[in-house]
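Each of the next two complexes has subunit A plus one other chain: subunit B in the first, subunit C in the second.
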Partner chain A sequence: MYSLNQRFDNMEIPEDEHMTAGHVACAGCGASLSMRLALKGLGKPTALVVPACCWGIIPGAWPQTAMEVPFFNTAFMTTGAVISGLKAAYRRRGMDDVCVVGWAGDGGTYDIGIQALSGAAERNEDVIYVCYDNEAYMNTGVQRSGGTPLGAWTSTTPAKAPKSEPKKDMDEIMIAHRIPYIATATAAYPHDLIAKFKKARSMRGMRYIHILSACPPGWKTPENMSIEIMRLAVLSNIFPLYEVENSEVFRQTVIPDEVEPVNNYLRSQGRFKHLTQEDIQVYQREVTTRFERLKERFDRIAV
Partner chain B sequence: MLEQTMSNVKVVEGSEAVALAVKGCRPEVISAYPISPQTHIVEWLARMMANGEMDTEYVRVESEFSAASVISGSSAAGSRSYTASSSQGLLLMTEVLYCSAGMRLPFVITGVNRALSAPITIQIDHQDTISLRDSGVIQFYVESSQEVYDTHIAAFKIAEDPQILLPVMVCMDGWILTHSYERINFIEQEKIDSFLPPFRPANFLDVNNPKAWGSYSEENVLMEFKYSVQQAMQYGKKRITEIFAELARITGRDHGGLIEAYRTEDAEVILLAMGSVVGTIKEAVDELRSIGKKVGLVKIRCYRPFPHEDIWEAIKAAKVVAVMDANFSMGSEGALGMDLKSKLCGMRDTPLVFDFIAGLGGREINVKTVRRIVEKAEEMLNKGLPLSESYWVDLNPEILP
Partner chain C sequence: MKYTDRQVKTPLCCISTTSSLVNKTGSWRFASPVFIHRASPCNEQCPAGEDIAGYMYLAAQGRFEDAWRLIMKENPFPAVMGRVCYHSCETRCNRAEHDDAVSINMVERFIGDYGLAHSIEIELTRPEIDKRVAIVGAGPAGLTAAYYLRLMGYGVTVFDSNELPGGLMRYGIPPYRLPKEILDGEISRLSNMGIDFNMGVKVGEGLAWKKINSGFDAVFAAIGAYQEADLEIKGMDKRGVVNALGFLREVNPGKYPSTGKKVTVIGGGNSAIDCARVSRRLGADVTLVYRRSQSEMPAHTEEVEMAREEGVEFLFLAGPGEIYGQEDVSGIRLVKMSLGTVDNSGRRRPEPTGETFDLDCQTVILAIGESLKIEDLPSSLICDGNLVKVDDFGRTNKARFFAGGDIINIPRTVTHAIGSGRRAAAAIDGFLKGVERDKDGLNHTSELADYNSLNSFYFDHRSRTKAHIVLADKRVSSFKEVVSSPSEEEAVYEAGRCFNCGSCTECGNCYIFCPDFSIMKDPDGYGYIVDLDYCKGCGICVQECPRGAMKMEFME
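And then the complex of A and B:
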């Protein structure tokens, strides 16, 4: 089905849990599983900064929280800047070992938070920024974001007028910032995701990890299909898994043995139900073109 | 009498006085973004950093929004934090300031007063900082660069008081204070250090004792969170007065408490104002007193929390209070006028209150302007008509539509 292009050195998924049961995420939520796995990779000491997004709600309402690491809820646009200040303060107070992680959705990253993120990246702040990307403003009821893919239904791009623009290529924007580490990941490949968080933790400077995160109510998918759908995104090159060091070394970490057509991925989700065969052909061309551009760079530098 | 050595006295630019006060307070994190007329402050701080005179984290952000966000993060980690801004930049910070007050993050911001667009201008009034009055940020206004220096040193101690824990904004008029040179008495570092010990709060984002900050809250708790900010403001009135007095004992300079009452004892007409214009008003009061007019001044030093008890004590025997507002709430009145009237409403035998809008967008206020305001207040008093609308001073009818 696929082969791995990174060694896990007999990695076992750590048994430590840094979030508890009792959180309020929807059944089948890719974002809650991604956090659970990411924290396994990161370990402690870690502090999280989360703007307005599903994850602002998932830990539960005051005075409860499902989180066992410091968790700072912040305003929508602020994540890149708050993590900069938090890290500066820890460094100043002799707690430089604390890994400061911003954890924002696609709205908070592609749209409203891009300025603060770009500023932090340009300054090469010593932080990890994670975009868990469920491809719309899910927390407010599935409105279109810059991360919403071409042709998708959302509540502001109804099926009769679905999104007419392709997804913003946020990864390329981050690559253009020439930061030490960029990776894509998904909970469908937990070893790969955890390895990337472990690696990010071991590095200094700005690190950006882009997680594709299935959303059953927003994608209109059955709750038990999230992992399979995220895997299809990888196998059809819609969401290739790779990592980039210093914008120079590109490595695809999960390589499909045989690339799936995008049709299977799109047909698995209600949000693409209205697409015609012609639409899907356009979609396929978009995906292929983008992947070919990426692949050139994978190919240029042999691992 | 306090000893003052020559080394403690220097003529410096107002912005440098702010930077030197900040440096003396040993902030651990500073964020910086330029906007006129604030920019000199962060430039002075950058120079002090580069010259090795000051050791701090200095984050050169990409917007005022991020300037406020950086210090909200650093303050949450328990670090003394500072930034400065002005005008549009302060408005851009608004969302973060509300969040920070709600999370009880005690950083200090210098709010360099400048009018708001449109039309675009870099001239001064108080519309920018007044627009933040409801945020939960404590606000001080100052008359001189000496006062701005001293107030910054008090500001950190006030912000960090365990029962206050709120952001503090020291508001100073742009250009008039930031860019003019004044003789400043500086406080020795050892004295600042003993007045202001390192900030080590009981609560911070502690990895050994993880807590969630700013969590989602429902209707069963939000009111209590907000009320606790008001409680801190109310408690703050007493504590701010004590801290100002404590600093005055160290410096030998007493700028007053929450307000300064100037020649109000037997005054029939009292002017109420804040900011650098107070210096001009004091001169006008002296002139009017010299010709036998019973005029006084109440200068507001602390605008939030609003010191209505102290103001009442100073004005209760007067016939009329002429409020000078360098701001305006469109569709209503000036903010100071509204604040005062709302507190007097329902009380007996109060002076009449007239609200004058003066000095917007840098419009000059000189001694003659103040005298005209006093005359107008007397005239309205004699007519016995309370003015329900603000009186806009020195409008030019030729350019009105």
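And then the complex of A and C:
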């Protein structure tokens, strides 16, 4: 009865919460909402490993914590190694049912943590690795990362000389590892995100989930627009939602009714304010080409 | 904790021991989300003030009886309304900007029929009040006022000069638009509530206004406008010249007026169209003559189109010059018109060109407008032109005397009449209890849920259900209803297309998208509440509310 004229049947969302209010994420934070929804999908028992990133501080200052699942702070480059070790320790103690989840930002995944992540993926460790991608080092003051998109302003790539390199294609890197499960998700599509976490939890081996996560201060956007902007990223194919099993089966999970031009996405954010109309056309071509390449693989599987 | 204590107690590996719930992040906020009820545009448009967004929500869930009871709060004639209302609500529907307006009228009709089919009765729950109100005129305005006053507990007596109650709903609207049994069904519900009907009594003639005034605590007059406008042309006395209301009155099952082979209808309003369509059903060739062009016609476009389909000929820019014939009408001479300057009705004034032409016919029906016969009312009432002067609530210059329907300055539709009856009932109640009743009795709130206040992403695209209209050549062969009733599936589907603008439907978006765990289900009832201890005021809930049922309130 809740699906009256409604795209989402919100009755499907699990009611249990595994963290509490009082956390110190900024207002309108996409990362805190992503965690909330991810935990709804994962359920208990789950243990989180978090390196230096926004989420290192979001649960609150010691001795407080917003988390109601074990949450382990670790060093920047070690997430992949620590989740491998933690899972081994749980297994050794007969607690193999604990789902060990690494939860790192784009800096800790694309740049600093890629070696440990690649190692864990190569060994096909029985863990979930989540990259919540807010496209820069937001926690330390918006420095550029490998995940920062082309043309974006950051404090180290100022508007006069915005980032000249495209975003590193981390999903392709993970696909090349041929691990059991890879997915992209965003909190703007909560049902899709929760379903992917549920699915990941039900599988074994290395699973990688890439979450696009809006950051109002870093993206220079109004706080209330977080969901809208993440949705625009999906609708304009900048961040297509899909999943990959064993690097063979590709499936697009949210197919936009109508593809939006990238213009709307870019113009909604202060970090792209300096882009000219020509820049946006280049951007549009880049996005279209990249999506077409991906789409070929969706189509091939559909046959 | 002192600094030194803290140094001692800090373990080698820091483990958090307290919940962050001690950290009241609500102090960061400079604006708060609040749940509000905005008026939907259709609700604002509705002359009777029906809560359309509300009953659509109920109907979409198949809760037809609840939906019916919700309509009855504003309008005691849902089944009649679903047939004769010109549904101007649909012109304001926000869904029109998304794909196509909701067919509100169709859903209302289904709900109304559901009420009749299941003989749902209205229970009188209020204690009886020892005061009596006289209602003069048993048309839609009078019956509506009678219904609401009776619900409040007053004793109500209805006077009407006709044999049966219903007013123009019975004697003006032809049965192919409103079958008599539907009207009878809805009126019998009223008489079952203990409303006294005093039919065949003309107040002012058989019974003096003075007597009514002294016998009752308040009077509501809705006697309607029956005075035909005079047409000063030659030949008005010929047999076969009739006026519209007199003609329509004759149209009753089993007893139809005779018209001859050719009929000319003069006028461009809804009653002209009614007369033309009735004449077609009586087997005549009909020409409708209107002195302006089609775009100036006051008649409802849908009705004009249906008349055209049924074979009514339209003759624009022509006015009556002379009706000729021996004793019976044998034809009418018409004067060609051209449109001149804009007059005070906002339309271009027709001006005779002097050129004439003749049209053969055996009947001329004049539908050029009716007005109130002022002599039928007490002489002490202050009138404004041909209408009784009232305020928004139907109060006249006389303290205990209220007026509504076609005798006050409102558009002449059944829906407007019903709205005027309901407002007058509220005013009469206020007057009899000695309290000011200046709040609008209708459902309008100050804020409007326009299209910009919605988040249309959450609504998918679904096409509008088409009304089932009987084919034109089949229609003219009888007085059976032209539009047939929708099925239950269609009504549910169509109600499900409604955005429910401005009302919370507990969709849960605000709860799902809150990053701060600050929206929760209201433990005491319907909807959600905001936990202001932790809400950081980001406003995502307001932005993502599909229906505009939330807003941000900035603090001073």
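The rule is short, and it goes like this: the second predicted complex is superposed on the first by the 291 of 303 C-alpha atoms of A that agree within 3 Å, B and C clash if a C-alpha of one lies under 4 Å from a C-alpha of the other, contacts with A are read in each partner's own complex, and residues count from 1 in each chain.
Just so it is clear, a contact is a pair of C-beta atoms (placed from the backbone, for glycine too) under 8 Å apart; a residue touches a chain by one contact, two chains touch by 3 or more.
Being a predicted model, the structure only gives us computed values, none of them experimental.
> With both complexes overlaid on chain A, does A:Ala88 touch subunit B (first), subunit C (second), both or neither?
first
> Who does A:Phe8 touch here: subunit B (first), subunit C (second), both, or neither?
second
> With the two complexes superposed on chain A, say which partner A:Arg36 touches: subunit B (first), subunit C (second), both, or neither.
second
> So, A:Ala161: does it touch subunit B (first), subunit C (second), both, or neither?
In the superposition, A:Ala161 contacts neither subunit B nor subunit C.
> Is A:Trp62 touching anything from subunit B or subunit C once the two structures are fitted on A? First, second, both or neither.
In the superposition, A:Trp62 touches subunit B and subunit C alike.
> Residue by residue on subunit A, keep only those touching subunit B in one complex and subunit C in the other, then list them.
Common interface on subunit A, subunit B vs subunit C: 59-60, 62-63, 65, 67.
> Going by the contact rule at the top, pick out the subunit C residues touching subunit A in the complex.
14-25, 28-29, 57, 60-61, 457-462, 496-500, 505-509, 511-518, 531, 533-534, 536-540, 542-544, 546, 552
> Quick one: which bits of subunit A touch subunit C in the complex? Just the residue numbers, please.
Residues 1-2, 4-8, 10-11, 13, 17, 19-30, 32-33, 36-37, 59-60, 62-67, 187, 190, 216, 222-228, 231, 257.
> Under the touch definition given earlier, write down the residues of subunit B that touch subunit A in their complex.
Against subunit A, the touching part of subunit B is residues 28-29, 31, 56-57, 59-63, 65-67, 69-79, 81, 95-96, 99, 205-208, 210-218, 221.
> Name, in rising order, each residue of subunit A that touches subunit B in their complex.
Against subunit B, the touching part of subunit A is residues 44-47, 49, 56-57, 59-63, 65, 67-75, 77-78, 80-93, 95, 98, 115-116, 118-119, 122-123.
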